[in-house]
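The structures considered in this document are given below.
One chain, chain A, links the two complexes that follow: it is found with chain B in the first and with chain C in the second.
Take a look at the complex of A and B:
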């Protein structure tokens, strides 16, 4: 029983193909990492699922509902939330307003307030600065806010695009701790783009390796780290160097 | 002293009118990155809605006969309706198009509305007397001020605070501000694009109607061209304020109004016919010094 199903999709920008013949299944409650070099099409894949980019071929389903062709706001209603690359915080809105943007699709007003209280409990700094402009937060705080904001739509599946981008390793640890705790508490499904396979291996989960718009490898993140397929994806055919950065 | 007070009321009421017109443009630009050049024609449309359609030289009041309590909401609603309808008929289909294509479509739409008005009402300006009582002067601080000027200043304050409250406190206001900053991100969070855009057009059209009511009462004339003139000033004010910035549009609208009243009063008599040339020279200087707009913090990233 697959929760998210991506069937043979293609994404192109004008004539430039970004994703090709891509098929992927993500089970309910699963944690899946998408890794691969820059330009592999990882962000495009997430954008296609969220409706931010159109697919030129194939179909995408969530729990049997067809997502293909629906606008992003309709896909959000079906339970998919996104933390985009670069986070895209609303800098001119306050911290709390950022959290509330995504609550328009909910009818459970009380649960909304509880969720906000819970986010403030988990990230006290966000609570302290709830009335401050979100643009003034540090990168790490913005990442936490973006994750909190994604939670506020009450999603089943959260997609996070490169959460470690531009953050100190310590903060990245914190971000992943948060994501994993949330996943356990809420039974979320996570689809995470993470360039560092070491990081993915440490957090644990399934890993999908992309290159040139296609999936070129797939397996347990821990097993994948030192596999030839990975090195090949990053460095062409010669696997002598291995990725070590976190 | 009395001269200064007079100047103050002139400047505040003209500035308020410009501010409202500029707000109407900035609202749409904020959410859609569209400079809606049909905005002036929404204003003209609302003015002509007051009189009976005919090409006769003498205007016969139509909606204009209704008592203010009915007339005002009806005209505001009409303004909102024509703006929303134009979004539905024209702009909705161009959302994914180039901003330039949308802008040209707005020119074309304005042209269509203007010519429809010309065909229905004829080209000659008509005398329209809406609420003539409002032009009776009242004495304040030694200045003799038409009641209308006070009403204009008051209603500007009312409209601006009302709009600020709506944007700050209401659900649709929050969605509009989020969408103005990053439309895709807002949609990814479930914000309905259609709802936000329709809301922005409705507000913008209602603002056009408010401007129409003020202009027609002030000038006593219904003229197809009146929308175009104020649209130009309002557009300049929105650019000056920083395209898409609502507080910037209000501030720049007031500034343009104040400067043109001051120039009118203080320029040597021979130079007064060229007041607008002086005004626009100042505008160009402002834009050369601060191309991002006067009232946008220098640190803000460019919106266009």
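Take a look at the complex of A and C:
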């Protein structure tokens, strides 16, 4: 059985459909990229899984537990952590308070201290600036903090929405290195929205292409980059047409 | 690493200590040098500190502006009056009170606590409905709550005396009693703000979506802070009633709603220190303006501000502060001991034990 199962879901904002008839399975320990043009419904898919957007059709399951209809905080408790687009850290709280926010539910106080120490070991800069207001960190540091915060709820699945948004390429490399290391160390499952399919190919994993709220292509990220499916997703042509055109 | 976290915590617990020392210092000055009218002003100011700090417990941590707190004040004030008034005057002014309440003659302290508990209970009921809304819609609903409380208390003749004032409350609240409750409210506010629930609530104030994605049940934490806030607000209402000795539903309506919010905004909504500073500064300003309206005579020439200029000048002061310091005078900062000092003193302590 797959870790995360998304069965035939639809998400609408008013009458505007954002996601349609979408079915997706993610296996335990897998790394899946969701790519596609603006407005393809990538973020809406993540929001639907995390409970921030309501689905109008279909169901979503984690380890066979139904997520559909649950509030976001309940879904977070079941083991899904989301790093929202634009990072959304709590700017006026200190770095350490940001990390502790997600631990209010946990009764294992000692493990919380160990986890915080581990995050400081993974991200030394956060340890140095633990008493600083999170809003005063640089963009890359804020992204690290958002990932650190997501780890504090002991998730099985972490969803990251556009980790490269507004960051220098070198910093993006660091962010992905960190994510991959964490995945190996903890056996996490990752679902990442990434506009750059080149980046996805370099990091490696499965890639799902979306367009107009639907999945239009799927495969190994490295194979997908030079395939026409990409062009089709972005420009709306079917692969056959592209072939005849070239 | 834990010790650094512990020192940071210790530093945040120094805030109520500093604020309490500040208030005790002021009261001692007033007690030693002040006349009776100054002592009364000090008592009024400290009742307002209790009120605004209670307001901050909810507004400061949740970020939701409440216009309904004067309602919780009224509930606490009337409850304490029912429990402490002489049975004869209750029979005369409040004939519809139930028999046990009619005969009740409680000591003032349990009566104030009962007032707080009733207000907290009403906060639980009203909050359960209001806090399902978010943002400005919740604020408007708190205003509706205030209007409901005012309408009920202004018309329930046999129980609240309606618009005719309830008189004869024991006037036991002097500056020392008010100081005690103000410090209690400050300590409670600080403990709550540093608790797991307070932290969670501040996170929702920053970003609702991210907070919920971190597993925070926003509704529950908002409700908890409103109940704690409601308790101390109810107590502050009881204190106000027992400091002037007279109750009228309109003492707990728009006037006090806006002055308490103005104090909170001018001091800085983001910190407990801001709430206290706002009350102290505005109270001094109000007192000066009231005296200026009464007039000062210099060499037989009577100088006085036209009456009503107090409200206008306070409005102007608020606008100026909002322009110059949009986040209030303290801008979200707390008065506290620096963690470095605490660490140094710990090191010294460790050395001396060796």
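Going forward, the second predicted complex is superposed on the first by the 237 of 246 C-alpha atoms of A that agree within 3 Å, B and C clash if a C-alpha of one lies under 4 Å from a C-alpha of the other, contacts with A are read in each partner's own complex, and residues count from 1 in each chain.
In this section, a residue touches a chain if its C-beta (ideal position, glycine included) is under 8 Å from a C-beta of that chain, and two chains touch if they have at least 3 such contacts.
All values reported here derive from a predicted model rather than from experimental measurement.
When the two complexes are overlaid on chain A, chain B and chain C occupy overlapping space and clash. In the superposition on chain A, A:164 makes contact with neither chain B nor chain C. In the superposition on chain A, contact of A:120 is made with chain C only, not with chain B.
The wider contact with chain A, measured as residues touched, comes from C rather than the other of chain B and chain C.
After overlaying the two complexes on the shared chain, residue contacts for A:131 are found with chain C alone; chain B is out of touch. Of the two partner chains placed by the overlay, only chain C lies in contact with A:96; chain B stays clear of it. Touch criterion met: A:149 reaches chain B and chain C at once. Once the two complexes are laid over each other on the shared chain, residue contacts for A:68 go to neither chain B nor chain C. When the shared chain is aligned, no partner comes close enough to touch A:20: not chain B, not chain C. When the two complexes are superposed on chain A, the residues of chain A that touch both chain B and chain C are 50-52, 71-73, 76-77, 81-82, 84, 88, 90-93, 97, 100-102, 104-105, 149-150, 152-153.
Against chain A, in their complex, chain C makes its touches with residues 1-2, 4-5, 8, 196-197, 199-200, 202-203, 206-207, 209-218, 270, 332, 339. Considering their complex, residues 50-52, 71-73, 76-77, 81-82, 84, 88, 90-93, 97, 100-102, 104-105, 149-150, 152-153 of chain A touch chain B. Contact residues on chain A toward chain C in their complex (touch as defined above): 50-52, 71-73, 76-77, 81-82, 84, 88-93, 96-98, 100-105, 113, 116-117, 120, 127, 130-131, 149-150, 152-153. Contact residues of chain B toward chain A in the complex are 171, 174-175, 177-178, 181-182, 184-193.
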